[in-house]
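Below are structures written as structure tokens.
Same chain, two partners: subunit A is paired with subunit B first, then with subunit C.
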Partner chain A sequence: MISKFSLFVEIGRVVLINYGPLLNKTAIIIDVLDQNRVLVHGPTTGVERQIVNIKWITLTKLTIKVQRGARLASLMTAIKAADLDNKVAQLNLVKKITAASDKAALTDFARFKLRLAKSKVNKKVNNEVRKLVNEANRNSHKKMVAQKAKGHVKKTK
Partner chain B sequence: MARLENPSVAKGLKLFSSRAYANRTRTYLAKKNKVAAAKKVATVAPKKEKTFGKVKRVVAAKAPKYAPAIPAEVRAQASKVAPSKVALRKSIVPGTVLIIVAGRFAGKRVVFLKQLTSGLLLITGPFRLNGVPLRRIDQRYVIATSTKVDVSSVKVSEKVTDAYFAAEKKATKKTEDAFFQDEKKQVEKKKISETRVADQKSVDTAILAVLKKDKALTLYLKTKFFLRKGEFPHNLKF
Partner chain C sequence: MPIHEYQVVGRHVPTEREANPKIYRMRLFAETSIHAKSRFWYFLSKIVKMKKATGEILNVSEIFEAKPTKVKNFGVFLRYNSRSGTHNIYKEYRDLTRCGAIAQMYDEMASRHSAREKSIHIIDIKEIAAKLTRRANTKQFLDSGIKFPLTHRVPKTLPQFKKTFSAARPNTF
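On to the complex of A and B.
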């Protein structure tokens, strides 16, 4: 039977913590204790080895090869071998979070400049869109006129 | 600073309350420093004419029954506390762009020039950009941003002090004619003195010369600040 799921709570699974003081930090599942709890550790992300409720974590598509209950040294070598930190940064989920935190860190003036740049882009896009729409409208109008003329001819036949 | 003794009476109990102690210290210091130069003036009791039955006699007036324990001059000196200098928020330095939070100019982004002796902030729009003139404002009514304009080349004339902004006193008594002409007067527009216009101009030109280099900054000062959807001031970084 083919499973509906593609991500599993398993040893070596990279997870994102989505609640509590460690919000938005990534860690690796080291052990699965029961249906609700896992042991996670993120030595490179500032997550100490600890038990976390599964409701507090989001699974990512990344896994690394570690043994159950792996100690720090072997975990670190596994992380380095997988080049995990770079891979994590490439995740869409993580990208969104970093983008949001970057945006929150903007000063008032930076926010203002961002708005200026946005309006510049929007103006250009809107201009192009308007051009295309106008042309399409003109073409459809021409078509209609032509069809009407045709229909008129047909009726007189 | 020399201090008076405040001996403890019992465990956790001092002889004088903190306020009484402060008062005593102040009078003590005033006495010690001889600020008041409280000399005991041997006052010659003024003489008075009094009638005793039919006889009139010149008699010395009665001295006041109670003499103040501390001479009045000393007391006056002690009660005078020099107004402390108003500490400026660390985030506000000359050139800081401020957002005015309350009043007629609420939402305007202005440039801070200097702190006046009263502790109020001297600001300007500049007037040419957003209509905010040289003006005083309390730092409570202001959000300090991290943006700064280089105002090292801007020289505010020495005469711009707190007194410069004081309102001219109007004649309180009205003549009869003036009373009836009151309505007419109200229609007349308040004229801004030429010195103020000139001061404003000199400051504006100096700042605008600096701002010319940064178009975005000029636009920034021109536009008002307001909260957009999902923006909360306590979450924003200024």
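On to the complex of A and C.
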């Protein structure tokens, strides 16, 4: 049977922790305890080797080649060999999180600058949109007038 | 409260008749050392004629897991009182620590057998090799090439973002 699932709980799967004190940190599945719990470790992301409930993780599309219960040294070589930290940073899931945390860390002045920059962009976009809308309105008006002149448009009471 | 493993050592108070009483040692799972001492006297009074009033505790120390980051298979032998009688059973758990396995056992005994902690006696707990495991539920997780999808994933929302009504239907796969 062909599975419609593409992400699996397996040894070496990179996961994002989405709840609890390790929120938004990535780690690697090192062992599977049972259907609810896995042993994860993220030596480069500050996740100590520990049990995490599967409900607390999001599977990512990344996997690395590690053995079950791999020790720190072999895990580190596997991470380096796969260039994992860069790959993780490229994940859309992680990009969103870093963007959100960057935004949350802004100072008052930076927020002010952001507001000005945003309004500048929005003004430009709205200008262009307005131009297009006006153009479309003008064209449709012209069409109506032309059709009226031909007597194609029924009069409504 | 998490469960800890304690070693309790005790004996009868030395008397004129018996100046060097036999020393007993017990490994116990308990929430605190106070609980452990209490359980020590409970179990010891079942085995030998001795009680707290005539005995003394020589030492209570906590036993820590030697390798708390390695997944192990634990076999637990226990005895419990159900509503209709006493049963001896064997259960298997996969966990990092003996205490973790015991915590799982108490949870499972409460849920499956309505057995509370006070009606459970742990006879033995031992780490067992993969090939000696007996339960199908343990065996299926021994495979190092284990691979399974997560079906019907309900997105976990943080408490502050929880809402009763949603405009969009959640994506559950």
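Convention: the second predicted complex is superposed on the first by the 149 of 157 C-alpha atoms of A that agree within 3 Å, B and C clash if a C-alpha of one lies under 4 Å from a C-alpha of the other, contacts with A are read in each partner's own complex, and residues count from 1 in each chain.
Here is the rule we use: contacts are C-beta pairs under 8 Å (C-beta built on N, C-alpha and C of every residue); 3 or more make two chains touch, one makes a residue touch a chain.
In this text, all values refer to a predicted model and were calculated from it rather than measured experimentally.
After alignment on the shared subunit A, the placement of subunit B and subunit C results in a side-by-side fit free of clashes. Judged by the touch definition given at the top, the superposed model places A:Leu116 against subunit B, while subunit C stays out of reach.
In the overlay built on the shared chain, the residue A:Ile97 is in contact with neither subunit B nor subunit C. When the shared chain is aligned, subunit C comes close enough to touch A:Asp34, but subunit B does not.
Contacts of A:Ala78 after superposition on the shared chain: neither subunit B nor subunit C is touched.
Using C-alpha centres, the superposed arrangement gives subunit A a vertex angle toward subunit B and subunit C of 80 degrees, stated as a multiple of 10. Which of subunit B and subunit C touches more residues of subunit A: that partner is C. Between subunit B and subunit C, the smallest C-alpha to C-alpha distance in the superposed model amounts to 11 Å.
Residues of subunit A that touch subunit B in their complex: 104-109, 112-113, 116.
For subunit A in complex with subunit C, the residues that touch the partner chain are 3-5, 7-11, 18-19, 31-35, 39, 49-51, 54-56, 59, 67-69.
If you check the complex, the residues on subunit B that touch subunit A are 97, 99, 145-147, 216-217, 219-220, 223, 225, 235-238.
Remark: subunit C residues 69-71, 94-96, 100, 137, 141, 144-151, 156, 158, 173 touch subunit A in the complex.
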